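Below you'll find the structures, each written out as structure tokens.
Two complexes follow with subunit A in common, the first pairing it with subunit B and the second with subunit C.
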Partner chain A sequence: MKKIAITGGKGGTGKSTIATALAFELAKKNKVLLIDADVDCPNDDLILGIKTKKVKDVENMIPKIDPEKCIKCGRCSEVCREHAIVFVKGKNPILISDQCTGCKACKIACPVGAISESKQKIGEIFIGKRNNLHLISGKMKPGVEESSLIVNAVKKYIKQKEKNYDYIIFDTAAGTHCPVIAVLLDVDLGIAVTEPTPLGNHDLDLILKLMKSIGIKSHIVLNRSDIADKAIIIKTAKKHKIKILAEIPYSKQIEKDYSAGRPIGHPAIQKIIGILK
Partner chain B sequence: MKTITVLSGKGGVGKSSLTASLAILLAKKYKIVAADCDVDAPNLALLLGIKELKKKEEISTNYKAVVNKEARNCKNIVDVCAFSAITWDKKNKIPKINKFLCEGCGACQLLCPKGISLKKVKNATIGEAKTKYKFSIVSGQLKIGEAGSGNVVEVVKTRARKIAVDADFMIVDSSAGIGCPVIAAVRDSDFVIGITEPTPSGLSDLKRAFDVVNHFKIPHGIVINKYDLNKKFTKQIENFAKKNKILILGKLPYDKKFVEAMVNLVPVVEYNPEYEKLFSKIIEKII
Partner chain C sequence: MKIAISSTGKTLEDNVDVKFGRCLYFVIVEIENKEIKEIKAIENIAIEQAGGAGITAAELVANQKVEAVISKNLGPRAHDVFSQLSIKVYQGEGKISEAVQQFIKGELIELSEPTGPQHRGMEKL
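Our next item is the complex of A and B:
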């Protein structure tokens, strides 16, 4: 079993397009699990035209403060780095549950044991399939801050099922912060999808640095390779001693397939599959 | 000072391009300041022709737990970590912390005060620059592998307010998604511009982003980018707007000039002044 992350830094470079196309191609001969780990904005079900159903609520701990036991010392508010507990002298502390990450620091700090554990829903896990291709999507509840908690819940959910698959493909969020890191820590290989614009290049450099610091092997796929001069990407690739694995020129057909919910077919996908073997 | 924030949910639909052009036009009539709150992958300064930020400083908005040898007695902290950052090193009989997963919440330190110390980490760099368009920009960059992007966003906005106390508007470019950095960017805004494109993903993500905006009860409107790539779907977005009484602020065509402008790092209203009218209309509808 191999675990691959499709990532890129910049948004809209084609991460989901590549992830769904790769999963779709691989699933013709293998058992494939595609994980939509862009839990802020998951779209792989839309692109693949898969109807998903909810299998699990993702819950997180939130503190429950017993007003009878509380001595109004304010210690819980002091230790909360998320500023999720508001304390005014002489009054009971107030919890702002959206800001709470469930770290339990308040519960540990409370000198009189007035804080117990309760739960709040922070997201959902969905499953769906199309022939041999299974899809699991994590979806964060809007208003919740900590996306990585949902990614971790998805990782935990698939732990027992991993051995049933030949390939597990993670489609990550844009950017380089916690929800992306949570995926990259758990894969064998990362594929950075980028485009030949200065912005694509800038963010490619960041994501390649991140993958290097985590210690995973990375490859570059250059999408819309002909919309501008690709020299900047070649330079960044050289700097990181990584080859550009595949290029996909801009095509209206790909845009159309994307809007219509069809995975794209392109020789570049075969090239990616080539290095996975 | 009024704060206008640009968001989208989905990445790559044109947030920074729109922000740059709106900022330039606003600056012709008003005093403004721009804040790039996409601290994961900040691009707004690049788009405004800034090569190097000035007055750069490292900031620290986050902590990381560090293991001391007294932690040998603290096997219980493995289970307390809500971020699964702590494992037990069987060989050395001591807890081990994965620095990429540690969020610096301090729960382990409270449980094991002697064995764990919390260290402040310099998790971001922020800086500012004067653009040639008569306004300044503040930009932040989260360091590779660091957490705490929401707090870094707060620092960027605070600094922008400080260097332009007499500004009429602050224009904020947020990151993709709807998580902590976006919430921090949106929270105290006066108006939110949601930019989208006519694809199922574009609309689905915009709706999720507006769920967050509605949570904070902030007035908002929509800009449809590349509207002519799929007119049928553009209609769907317009229907969604109508049903939810959201103002359509403007529709931008798909034009190679947008790509050319971005490749040349010139905001589109400067690259192709014909577009000035279109962007000015967006501003008229907001102000």
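Our next item is the complex of A and C:
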């Protein structure tokens, strides 16, 4: 079983397009699990035309403060990094539950044990399938502070099922922050999808640095490779001693497939499959 | 009773700041028998925060033992803090001295809902 992350730094470079196409192609001969880890806006189900159903709520701990036991010392508020507990002298502390990430520091800090654990819903997990291709999507409740909590819940959910698959493909969010890191910590290989623009190049450099610091092997797929001079990407690739694995020139057909919600077919996908074996 | 006003400066001659969590100052006014008895200003330390400014600002103001707040706008988290503490928020604008007089006369409207989404105060209003 191999775990691959499709990432890239910049948004809109084609991460989901590549992830769904790769999963679709691999599933012709293998058992494949695609994980939509872009939990803020999961939409691989739309590209693949897979109807998903909810299997689980993702819950997170929130503190419950016992007003009888509380000695109004304010320690819980002091240790809360998210400032989710407001303390006004002489009054019981107040919880702003939307702001809470469930770290439990308040519970540990409370000198009189007035804080117990309660739960709040922060997201949902959906599943769906199309023949050998199974899809699991994490979906964050809008407004939740920390999206990596949902990614981690999805990782936990698949733990027992991993052995049933030949390939597990994670489609990550854009950026290099917590929900992306949560995926990269758990894969064998990262594929950075980028485009030959200064923005694509800038964010590619960041994601390659991140993958290096985590210690996973990375490859570059250059999407819309002919819309501008790709020299900047080649330079960044050289700097990181990585070759560009595949290039996908701009094509009306790909745009049409994408707009219609169909996984794209392109020789570049075969090149990616080649390195997975 | 004490009230707090989100302010652009430290005096009654300054204006009600349209922002709450990211206003520059809070003017704290003590009212007794429908007259202003004492005035002081405190700096809003929450303005530097990347997020959660409304919560910090509301906590700052609540610790001044105020019973009411005047601002033009109020975000959802500051609103949450004030409603849990039973501190009433009224919508006011223009010169602080005038807003306070309107408050004393009972002419200001209470803000029972947040006026906008989170992080609104980071924009130029």
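What we mean here is this: the second predicted complex is superposed on the first by the 277 of 277 C-alpha atoms of A that agree within 3 Å, B and C clash if a C-alpha of one lies under 4 Å from a C-alpha of the other, contacts with A are read in each partner's own complex, and residues count from 1 in each chain.
Everything below uses one rule, namely that a contact is a pair of C-beta atoms (placed from the backbone, for glycine too) under 8 Å apart; a residue touches a chain by one contact, two chains touch by 3 or more.
Everything numeric in this text was worked out from a predicted model, so none of it was measured.
Partners subunit B and subunit C clash in the overlay (superposition on subunit A). In the superposed model, A:S218 lies in contact with neither subunit B nor subunit C. Of the two partner chains placed around the shared chain by superposition, subunit C is the only one that A:I96 touches, whereas subunit B remains out of contact. By the touch criterion defined above, A:T236 lies against neither subunit B nor subunit C after alignment on the C-alpha atoms of chain A. Using the contact criterion defined above for the overlaid structures, shared-chain residue A:K104 touches subunit B, although it does not reach subunit C.
In the superposition on chain A, contact of A:T20 is made with neither subunit B nor subunit C. By the touch criterion defined above, A:E146 lies against subunit B but remains apart from subunit C after alignment on the C-alpha atoms of chain A.
By the touch criterion stated above, A:K10 is placed in contact with subunit B alone, subunit C being left untouched.
In the overlay built on the shared chain, the residue A:F87 is in contact with subunit C alone; subunit B does not reach it. Looking at the superposition, the partner that touches the larger set of subunit A residues, subunit B or subunit C, turns out to be B. The clashing stretch of subunit B relative to subunit C, chosen from 5-13, 185-193 or 239-247, is 185-193 in the chain A superposition.
Counting contacts by the rule stated earlier, residues 82, 98, 143 of subunit A appear in both its interface with subunit B and its interface with subunit C. Residues 52, 55-56, 58-59, 62-63, 76-77, 80-81, 84-85, 118 of subunit C touch subunit A in their complex. Interface residues of subunit A facing subunit B in the complex, by the touch rule stated above, are 9-13, 16, 38, 40-41, 43, 46-47, 60-61, 79, 81-82, 98, 101-105, 108-109, 140, 142-149, 152, 173-179, 181-182, 185, 196-199, 202-203, 206, 209-210, 213-214, 227-229, 255, 258-259, 261. On subunit B, the positions that touch subunit A within their shared complex are 9-13, 16, 38, 40-41, 43, 46-47, 63, 80, 82-84, 98, 100-101, 103-107, 110-111, 142, 144-145, 147, 149-150, 175-183, 198-201, 204-205, 208-209, 211-212, 215, 229-230, 233, 259-260, 262-263, 265. Only residues 77, 82-84, 86-89, 91, 94, 96, 98-99, 143 of subunit A touch subunit C when the two sit together in their complex.
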